[in-house]
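Okay, so chain A shows up in both of these, paired with chain B first and chain C after.
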Partner chain A sequence: MTRCLLVLVIILAGLVIASLALGDVALSRQDLWETLTGSHDRTSRNAMIVFDLRLPRVLLAALVGAALATAGTITLAIMRNPLAEPGVLGINSGAAVAVMAVIVLLQDPPALLPPVAGFAGAAAMAAAVFLLSWRGGTSSLRIILTGIGLGSLAGAATTFLSAFGDIGDVQRAMIWLAGSVYDASLAKVRFLFLWLVIPLALAWMASRELDLIRFGDDTAKSFGQPVDRTRGLMIVLCTLISGAAVAAAGLIGFVGLVAPHVAGRLVGPSHARILPVAALCGAILVVAADLLGRLVIAPVQIPAGIVTGLIGAPFFASLLWKRRHARG
Partner chain B sequence: MPVDESNRSAKIAGRGVSIAYGSRRIVEDLDLVVPERRFTALVGPNGSGKSTILRTFAGLMRATGGSILLDGRSIATLGAREMARRVGVLLQGPVAPEGLTVRDLVQQGRYPHRSLFGRWSEADQAACEEAMMLTGTTTLADTPLDTLSGGQRQRAWIAMTLAQQSEVLLLDEPTTFLDLAHQIELMNLITVLVRDHRKTVVAVLHDLNQAARYAEHVVLLKDGRIAAAGHPSDVISQDTIADVFGVRSMVIRDPVAGTPLCVPL
Partner chain C sequence: MIRPYGMNTARRMANDGGRPLGLLLLFCLLVAAVLWSLASGARHIPLATVWHAVVGFDGSREHLLVMLIRLPRVLAAVLAGSALAVSGVIMQVVTNNPLASPGLLGINAGAAFAVVLVMTLFGTGTGDVYMWYAFGGAGAAALLVHGMGSFGPSGHSTIGLVIAGAIVATFLTALTSAILIFDQNTLDAVRLWTAGSVTGRTMAQNAAVAPYILTGLAAGLFLGRHLVTLSLGAEAARSLGQNQAVWRSVSIAVVILLAGSAVSLAGPIGFVGLVVPHIVRLTIGADYRWVLPFSAVGGALLVVVADLAGRMIFGSQDFPVGVTTALIGAPFFLWLARSRAGGGS
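Presenting the complex of A and B:
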């Protein structure tokens, strides 16, 4: 466990350093070192590139990745479905329709509005999915089915808005939705960090509850767990965490699905171990995706959300392939 | 006339219990007594409501009418955790998360004894070790569940329920899917638990002769009603078997244990 954490931290640190050094203006090792230690004056071009552009961006990527992975781990446990990720709670589709509506209908909304609308849309959708699936109790299958139903409804609304909206507005909304951390600032990073710190800590403290609820409602109840209350609280945590990540960076897919599975393979089934490892894996994934997206066809930047999809899908397939062969 | 085992106080007593799934009534006005520190078997044909009654007594389903008393107190007034500390349940075909070892599983049984931030205590450790010893799973502690045989896995689940250290154990068809040797082993384990560890055990059993041989109190169920209840030798007769199962049979004495043995004609 300790070794695993250490290796992941080293990988993440390496990626962070690479993200600070590489880009349209590549910094040499010495330049980067001098800039970071402040031996150059802070108004120099290098300092501006590192501190104003690349550092907030890489920190935002890491935070968003950790948040998505944690939310994914929670969803996986409370839904007991290997394909469950925060999206099944309606978080992604809710955010998408709200952002599309705000940008298309208001034409030129203030910069703060899309993220706030995104979070509000995600939260409203998660609440709607939970309430509509309630029948004197919760059930993971009902939540998933309701989530799919409401999700396609929201998807239709998003498509409708984009079909009839002004082409420029639609494109701006699509870029926002594609999931990217290009629009990062230290203020945003600080806000997201303060927002996430309590829900992430609560999730980790609830790891024993997650361990039990995974056994299924009846078994969990027979051990004295108030299953409905636990599932409800976990959905609230999940919405706070992934809703904020979506508001900050748009829709970055696959991280919430892949990171918990990878963590489970690395450190076994206990959530006290899975959660921190999954958070690190998620951070690594998004930082790597953003770095790749900036470098591959520079100066064009591919949004991180597209890159995670591109590397996430084959990675996931290989995971399933290996498992099948390990079993067979 | 059903014979009640009146020399024992009731550990669990259902009084006028009704249970329904939606509008479908499964059980109506049932009075069922589980004697303390005895092995009680619930036996009956498919659809007679055995499992439903067990689940309701475990607090997993709410009775639509009547009350269920544990040591004279209604289980509706007990908190979920307290209920779990006093009544352990093993359901049919439980599913464990992938990659779990036997030890991981058994440790889960301590959940109702631990507070939200409580550390793993020596009492927790001792309970798990005893549970694994009783079920013969100590040597399997570090083995992943998915690699065990059906019999070993069932013993691991029972160890998890034992780690809960409840006075009452409710087992839903614990011998189904086990081969003969493992069935006998499990019945012997229940006998030990009742005799030496002061447990009250209720098991839904499919095999009437198994119930007759090992249980001290048999409840024959038909259509959600009690057809007969009491000591096996008082309850199991040609007439009750014809009534409950609709099977013509001869009841003879088991040449080994002296208990009634039903031989269908």
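Presenting the complex of A and C:
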């Protein structure tokens, strides 16, 4: 466990340093060191590149990745379905339809509106899924089915808007939704960090409850767990975490689905271990995706959400399959 | 995951013997919807004329309208709807996962990627050509998923297939969005197709995929008994002497045939394959010998009605049927899920 965490932290640190150094203007190791320790003045060109452009971006990517992975771990535990990710709760489809509507219907919305609409859409959808599936208690199957139903309604609205909206607006909305960390600023990073720190800590403190509920409702109940209340609280946490991540960076898919599986294979079934490892895996995945997305065919930048699919999918396929062979 | 709610309803339904009657009723509804769809539109055509157009085509304006525009369109809706619904049933049994649909085999993502790639490389053209690219893309993606899913010592596990499907679909979807984000012309040309549509289908297109879909439907109905066994879980199936690897592969081959044809005919309609099986199971129970025919008729009915509604309510000939299926089906499905699924706690 400790060794695994250490390795992941080193990988993440390496990626962060690479993200700070590489780009249109590549900085040497010495330049970067001097800029970071502040031996040059803060107004130099290098300082501006590092502190104003690259640092916020890499921090945002790491935060978003950790948030998505944590939300994915929670969903996996409370739904007990290997395909469960925060999208099952309607978070993605809710955010997508809200953002698509704002961009297509308002033509030229103020910059702050899409993220706010994204969060509002995600939260409203998660609340609707939970309330509509509540009938004297919760059931993971009913939540999943309700999520499918409401999700496809929202999806139909999104499809309608994208089929008949102005083509330029549709494309702009698609880029936003593809998930990217282009417009990061330190203010945004600070806000997201303050927003996430309490839910993330709560999720980690609740890891024993997650262990229990994963055994099944009946088992968890016989251990004295108030299953319905736990599941409800976890859904609230999950919405706060992944809704904020979606608002900050759009729909970066796949991280929430795959990071918990990888973490589970690395450190076993205990959530006290899975949560931090999954968060690190998620951060690594998004930081690496953003780095590759802006380097591969520079100056064109590929949104991070697309790179996670392009690079992350084959990579994790090989990882999962190798582990499986190793176990026999 | 699927069993709990299905089995309870199955017990409830086992005694009343209402299923053949129900199926007949549903089929009559489908026939009525098809006839209504042929008769109504911008120009109303009496049913007698529709009938004469089919049996004694005389080349008049109304006969041309029926034979060249409305009939192909309705046929495409029937074929695509039944194929998607049946392949959805099979997918949910094979993966034992209520979130599964033909899309999980990479069918939709593969078809969309193939069509978008061809459009970008060779420019936009007519719908006839894309059908085969869509079919090829869907088939290739599904074979890849199946290969990955059954690869390795603990292969043939449902979880392997599920994760392989998620990975391949994610990868192909990412490639597709990467192309669309940078290529506005292709996005403009393909966005109606990706919404799912049966507008402007020709008799030739229907005839091209009909053999595959009919074969797939026949094979799917024949699979019913084996699906019941598969749905009982690995151990029960083994103790009943079922060779799971073989039947799972056969099932997936049927899904590829059905869903691949449907997607190439009507575009990637996700809703039908995902939700119609749930609606049927929530209504009549989990006996797959009955779920399959009910889904085939129900899926066709949903798509025909959705297409009709798109034309009548929104008054537009090319309102995407993928949108109206969800608008019509989802509220009903939500009500069913709320009132019947998962018991009290």
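The rule is simple: the second predicted complex is superposed on the first by the 314 of 328 C-alpha atoms of A that agree within 3 Å, B and C clash if a C-alpha of one lies under 4 Å from a C-alpha of the other, contacts with A are read in each partner's own complex, and residues count from 1 in each chain.
In this text, contacts are C-beta pairs under 8 Å (C-beta built on N, C-alpha and C of every residue); 3 or more make two chains touch, one makes a residue touch a chain.
From a predicted model like this one, the values you see are computed outputs, not experimental measurements.
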Mind checking chain B and chain C on superposed chain A, clash or fit? fit
Looking at the overlay, what does A:88 touch: chain B (first), chain C (second), both, or neither? second
Go through the superposed model and pick first if A:269 touches only chain B, second if only chain C, both, or neither. first
So, A:212: does it touch chain B (first), chain C (second), both, or neither? first
Report for A:139: first if it touches chain B alone, second if chain C alone, otherwise both or neither. second
In the superposed arrangement, does A:223 touch chain B (first), chain C (second), both or neither? first
For the overlaid complexes, name the partner, chain B or chain C, with more touching residues on chain A. C
With both complexes overlaid on chain A, what's the closest CA-to-CA approach of chain B to chain C, in Å? 8
With touch defined as at the start, can you tell me which chain C residues reach chain A in the complex? 1, 4-5, 97-100, 104, 148, 151-154, 159-160, 162-164, 166-168, 170-171, 173-175, 177-178, 180-182, 184, 187-188, 191-192, 194-196, 270-271, 274-275, 278, 320, 322-327, 329-331, 333-334, 337-339, 341-345
Name, in rising order, each residue of chain A that touches chain C in their complex. 80-84, 88, 132-133, 135-142, 144-146, 148-150, 152-153, 155-157, 159-160, 162-163, 167-168, 170-171, 174-175, 178, 217, 227-228, 253-254, 257-258, 261, 300, 302-303, 305-310, 312-314, 316-317, 320-321, 324-325, 327-328
Once bound in the complex, which stretches of chain A touch chain B? 205, 208, 211-212, 214-216, 218-219, 221-226, 264, 268-270
Interfacial residue positions of chain B with respect to chain A in the complex: 55, 58-60, 79-85, 88-89, 91, 94-100, 104, 108-109, 111-112, 114, 116-117, 164
